[in-house]
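Listed next: structures, encoded as structure tokens.
Here come two complexes built around chain A, the first alongside chain B, the second alongside chain C.
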Partner chain A sequence: MRPLLYCLAAFVAILFLLPIALGTAGTVLPAFGLVDSLASDDGFATVVGDPRFASAVVLSLRTGVIATVLVLAVTLLTLVCVHDTKLWRLLSASLPPVLAVPHAAIAVGLLFLISPSGAIVRLISPELTGWERPPTDWVVPDAGGWALVIGLVVKETPFLLLAAAAQLSALNVEASLRIGRTLGYSPARCWSRLILPRLYSRIRLTLLIILAFNLTVVDMALLLGPSSPPTLSVMLMSLVNDPDSRGAASAGALLLALLVAGCFLFMWGLERYVGKVATARRRSGARGRGFGVFRFAGKGVVVSLLFACIGSLVLLLMWSFTRRWRFPDALPSEWTLQNWTTRGDILLQPAWTTISIAITVTLASILTAITWLELERHRIAPKIDGIWFLPLLIPQVSLLFGWQAVALWSGIDGHWGTVVYTHWLYTLPYVVLILAVAWRELDPAWGHAAHTLGAGYWTVLWKIRLPMLRRPMCQAAAVAIAVSVAQYLPTLLLGAGRHQTLATELVTSFGGVDRRVIAALAVLQSLLPLLAFVLALIYPRWRQNRLQRDRSPKQTRAIA
Partner chain B sequence: MHPLRVDNLSLHLPSGQCLVQDLSFSIEPGSVLALMGPSGSGKSSILSWLTGTADSRITTHGNVWLGDKKLNHLPTEKRRLGLMLQQDYLFPHMTVGDNLQFGLRGGTRQTRRERVSQSLVDAGLGGMEDRDPATLSGGQRARVSLVRTLLSDPCALLLDEPFSGLDTALREQIRRFTWDAAAQLPVLLVTHDVADIPEGAKVLTISDCTHSVEPLNIQTV
Partner chain C sequence: MFTNRKRFLSVAIGLALFASAHVKAVEPDSPWADVVAEARGQSVYFNAWGGSERINSYLAWAAEHLSDEYGVTLEHVKVGDIAEIVGQLEAAKLVGRNDKGNVDLMWVNGENFAAMKREALTWGSFATHLPNAQFVKDSPSIKADFSVPVDGLESPWGGAQLVFIHDTATVEEPPRSAQALLNFVKEGGRFTYPAPPAFHGTTFVKQLLIELGAGSEAVTDALANDVTNSDFEAVTAPLWAYLDSLHPMLRGNGKTWPTSGEMTRQLLDDGEIDIALSFNPNEATAAVSGGQLPDTVRTYVFDNGTIGNTHFVTIPWNANAKAAAMVTANFFISAEAQARKADPEFWGEPTVLDVSTLEPTDQALFAGIDLGIWALPIGEGSVLPEPHASWANALETAWLERYSQ
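Up next, the complex of A and B:
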């Protein structure tokens, strides 16, 4: 039996690593002109010679790095200023639903909020501004990419904040603050010298994932980023669609991966430098002063972030039911259901494709994760937490260009199964990592107790372990659905245009379709993961309540 | 050094349950007041109130003075009340030397380093500046933690069962070290174990919202 299980572990590992290895090869080989059928040109010379290249690199670096720095700064500021307050509890409750909203939907919502004809301008016009028409002084998306930076900060900060919040309990924050303060340090100094250095090492990997994402994002850059020049990833997208520029696209994807690697290296160097400076400062023993103003500013940032997230979602919902909303009215003057009922062609088919892919991918991811974790528990599969992060650390553009080339070559491109497989590659890391914590923490004594009562392996798994892990499994399923629903590039590149999901429909329709229908698309795209998160929250509680309800009468009878 | 004084302290839980009513005491420099009582009677809450870190849901009345200085409205970091808990809370991302430097106030880089080295020698831990706290024994960690508290130059010392996590052999050693090191300070000691209380100390017993202060008498305790 054991050799078979080793084969199963090897099969899962190969299934996961195969697209990564082939995708990398599929990008690297054409980039160097080693695949004649895919690259006839000198890829590097072509892409570097593209007049947009230098500006695209600068724009990608600027938006990606600034957004990441801001995400980190806002997260740390939030923790220092808001932790253990009522605002923190409100924020903690808002994080999962905000995380569930796909990037493209948030981007569209933000456009409705910050554009010249957006809600912020409407709220203060014409009373404060005198504007009777949308101002023309600025445009969104702007040439500097600041709208994209805002979008990335709004979407990625909750991700880092959630990762950080999950680590705080292990750091004994209350005790550290108490000891630090009785030693004479201000709360801000206690955070900066006692808690943040330890927290940072625990959220470093998440931050790297965010940096890689911010530098290489495509869907948000298409919606919020400038178009001339675009970011490097968007520029490469325009090349990959041209068969004659395949080599250039691959070479560009490789350069993008190197750019990300270079940023990782820079971050590593910066970390070491900041660490040395922080240690020297800590040794000075300076106690610091109170941080009233600092705390006030921090709370302002948190409130702004919540406003941007929730405001964007509310605006999407309002626009999707709007018939007439003239500038500068603060609210629509006429409401309608027509945006939902008359554009079934845009809404229904993509929704169905999205749901079918998301559910299949979720089931496959959970099954794979359980298989691996069970094999790991029986010491058949190794613990490879770092490896699961690979697809998230390699830029999607760099990996998927190659994977698409392999799919084209092998004739599996455009198949529904290929799209599902590629989505699975991106959902599995989250599912494994969510389940792994609970799986490893579950006391094996429960299983041992069941075995001594005569239960076999499958009975223990089905009747004991899985029901006891119902809550994390539901959470993992919700996250998997959210990740799958948000996937734009995998669907676009591997689906060969045959599988329109809400993500691809939203991005491709944007600009060409009425903004009210776009809003309906974005709402629909957001609803699916939100629904999954609500179910993940309610279902385990409902099961628990039912169990308690079922038990009560029996207990009463027994007592009687 | 000044005495630590508490006037008319009352603590009530959010449910309205009384923990302490009209408690007053004063601790002179160089003397120890042991605070005893059953679990949940409010001993640690009194310490939290003294340091200004009490749960905001607990209703409190009363004043705390250090000599003529009223501490009530000062933030924790300005009160200069050294605190030692059952767990040593040595910061794991710092060396032993860095932990001590973190406690130390003022001085140049050179003098700070020298004071840390001397303190470690005095504590019988000479040459351990660069050690990772995780590699120290329980007794060594307890001593480093106490030295760190003392280096912050506190005006009074609050000890919340600081010896209870140590094995029997170490306890006596650390007790002696603590009383020697804190000889000039007013000390409030929360403990369940009468053996922790030094000779000459008074014992404040609280239970069910009542309290009494008596000299240490092993038999009555």
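Up next, the complex of A and C:
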């Protein structure tokens, strides 16, 4: 039995590592011109010689780094200013659903919000601004990439905030704050001197994932970023499908990976420097003063961020029911159901493809995660938490160009199974890491007790462990669905255009803009993960209530 | 027909789910009854630009029809830029994937067709053997695609001409020449165009090139031939001078661009620009009836005419469902499909059929179409021929080098 289990562990590990290894090889080999059929010339020279290259690199770096710094700043500001206020409850409740909304949908909603002819200007024009026509002072997307930065901050801050909030109880924040205040430190100093140094090391990995994402994102950059020149990742997308420039695309993808690695290194250096400065300042013993204005500003940032998110979603919903809505009307002048009822052909097929892929991927990744964690618990599989993060730290472009090349070469591109497999690669890390916490915390005594009563392994797993872990499993499933629904690049590159999901449909047809149908697509894409989150919240409670209801009369009878 | 495909990897991954091919024998000139018989039950993966939901809806209608009448499943593979698909086919050719290709039918013209013909990526001379080919117009732009002879390798699907749409509520008299357009933006008029290589952008740049070089025999001659035979710098110098002065006054100061012609229409409706570009003389009518433009818009062309061309569908050499692809191409040039395509309510694009050769009942289908006052008035503005297919690429590269750094 045991050798078989080792084989099973090896199989899971290989299944996970194979696309990473092959994908890397599939990018590296053509980049150096080592595959005749895929790259005929010097990829590096071609990509560096591209007229857009230099500006694309600068744009990627600037938007990626600024967005990441802002995400960190806003997260810390939120913790310091909002943590002990009423706003915090609202914020914690809205984080998971905001996180679940796909990138592309948020991006489209933001476009509707912040354009010169967007909802904000419509709302205040012409009464406050005097604008009868949209202003020409700015455009969205802008050449500087600021719209993209806003989009990234709106989408990624909740991710970091959630990761940080999850650590607060472990850090015993309330106690630290109390001690700090007793010693006369201002609240802001309590945070910066007592809590942040410990918190930072716990959210560092999440921050790295966000940095890698911000530097290399494709779908949001297509929607919110400038088109000419675009960011490096978008520029590479325009090269990858042409066999003449495949080598160049691969070389560019490697350079992009290097860029990310360089930023990681820079961040590491910065951390050490800041750490030293902070230690010195901690020793100074300065107590600091109150922070009324600062706190007000912090609340303002949080509220505007929430407003951007919710505003975007509301706008998507409004546009999807709009027939006419001209500038500068604050509201649509004509409403209609037609965007939904007469466009079934455009909405239903991608929705079905998205759902079927998402559910399959979710089941597959939960099954894999349970298998691995059970094997790990019985000391057959090693604990490799760091490895699961690999797909999230390697830029998608860098990995998937190669994986697509391998798929093309072996003839598995365009198959539904290949798309599902690639989605699985990106959902599994989240599922494993969510379940791992619960799995390791679950008291083994329950299992031991059941074993003593004569229950076998499967009975214990099925009747004791899994039901007790229902809540984290539902959470993991909801996250898996959200991750799968949001995937753009894996579907696009591995699906050979044959599998249109809501994500690919939304980004591809955005250029064609019947804005109202785009809005309907985005609403649908947001609805699926939101639904999953609601179900994940309700289902375990419902089960528990039913169990209690079923049990209570029997227990009463037994006692009687 | 059988090629030794490198299967071992897919087997190793455990995903080799597909069965081996059953080879069928339809040829470009097979008897039509055989083609129809073989097509039944096949799926056609039609790779076509998916950026317009009206076109997507039209294709959904066509799919229903094909399924009912011929038992053919039409799958619209929505593509951003068909050049990418040409690239994928080149890759397939290089690795020797000569059957069961991903693409059965594709929407092309111009430089993409020229590339496919040059690289032998097309299947064969099927178009002239389609039963409905007898009703197709006898026109130079259908026989030669951007001055590249078609030779039956692609079947015509629709006609197009570069037109401009303006809103009479904001701009009563729009600029009707390149020079007038420059003056218009100088006086604060709002304008932008999609960045090449987006199709509408490239066409607009070609339009300017033709117009700025009009009157010069050398330029006219150069544009009709392969770009490598011309003095590119000299021919295009007036174009760059023009664009250098135009760009700083465009929306976004010429540093950020719309990505498609449809996007300019949306910007027109939003009031961010005054003039939209379209390649469909009837688009405004469709947009007004669909609630996408105000009913004060009108369509016009430059006084000296604008570029027009024909677009086609073709079957790649390695297509998996060639018979069904032929049936689809033939259906596309049926009177019923073309009349629906010409109707602004559905798509609204000029037909490639010579309506006078049709049966009276079919002629009536076309007679019943109302183009509306928003479309380009019939007979207005002459159609200028496209430059040789090779110019598009050269212009796009030069544009990117100058304006995309």
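Of note:
The working rule: the second predicted complex is superposed on the first by the 554 of 560 C-alpha atoms of A that agree within 3 Å, B and C clash if a C-alpha of one lies under 4 Å from a C-alpha of the other, contacts with A are read in each partner's own complex, and residues count from 1 in each chain.
By our rule, a contact is a pair of C-beta atoms (placed from the backbone, for glycine too) under 8 Å apart; a residue touches a chain by one contact, two chains touch by 3 or more.
Not measured: the values here are computed from a predicted model.
Of the two partner chains, neither chain B nor chain C is touched by A:5. In the superposition on chain A, contact of A:535 is made with neither chain B nor chain C. Within the superposed three-chain arrangement, the count of touched residues of chain A is higher for C, of the candidates chain B and chain C.
Legend: residue contacts after superposition of the two complexes on their common chain; A:418 is shown touching chain C, with no touch to chain B.
In the superposition on chain A, A:408 makes contact with chain C only, not with chain B.
Contact with chain C, but none with chain B, is seen for A:498 once the two complexes are overlaid on the shared chain. Using the contact criterion defined above for the overlaid structures, shared-chain residue A:66 touches neither chain B nor chain C, since it reaches no partner. Those residues of chain A that touch chain C in the shared complex are 18, 37-38, 51-52, 54-55, 115-117, 133-134, 136, 139, 141-143, 226-229, 241-244, 246, 323-324, 326-327, 334, 336, 343, 345-346, 406, 408-415, 417-418, 421, 496-498, 500, 505, 508-509, 511-515, 517. Across the interface of their complex, chain A is touched by residues 5-10, 13, 15-18, 45, 47, 50-54, 56-57, 60, 75, 77-80, 83-85, 87-88, 90-91, 94-95, 97, 102, 170, 190, 195, 198, 251-253, 255-257, 259-260, 262-263, 265-267, 269-272, 290-292, 294, 400-401, 403-405 of chain C. Considering their complex, residues 172, 175-179, 181-187, 193-194, 197-198, 279, 282-285, 287, 290 of chain A touch chain B. Remark: chain B residues 51-53, 75-83, 85, 87, 89, 91-94, 98, 101-107, 109, 112, 148-149, 152, 154, 158 touch chain A in the complex.
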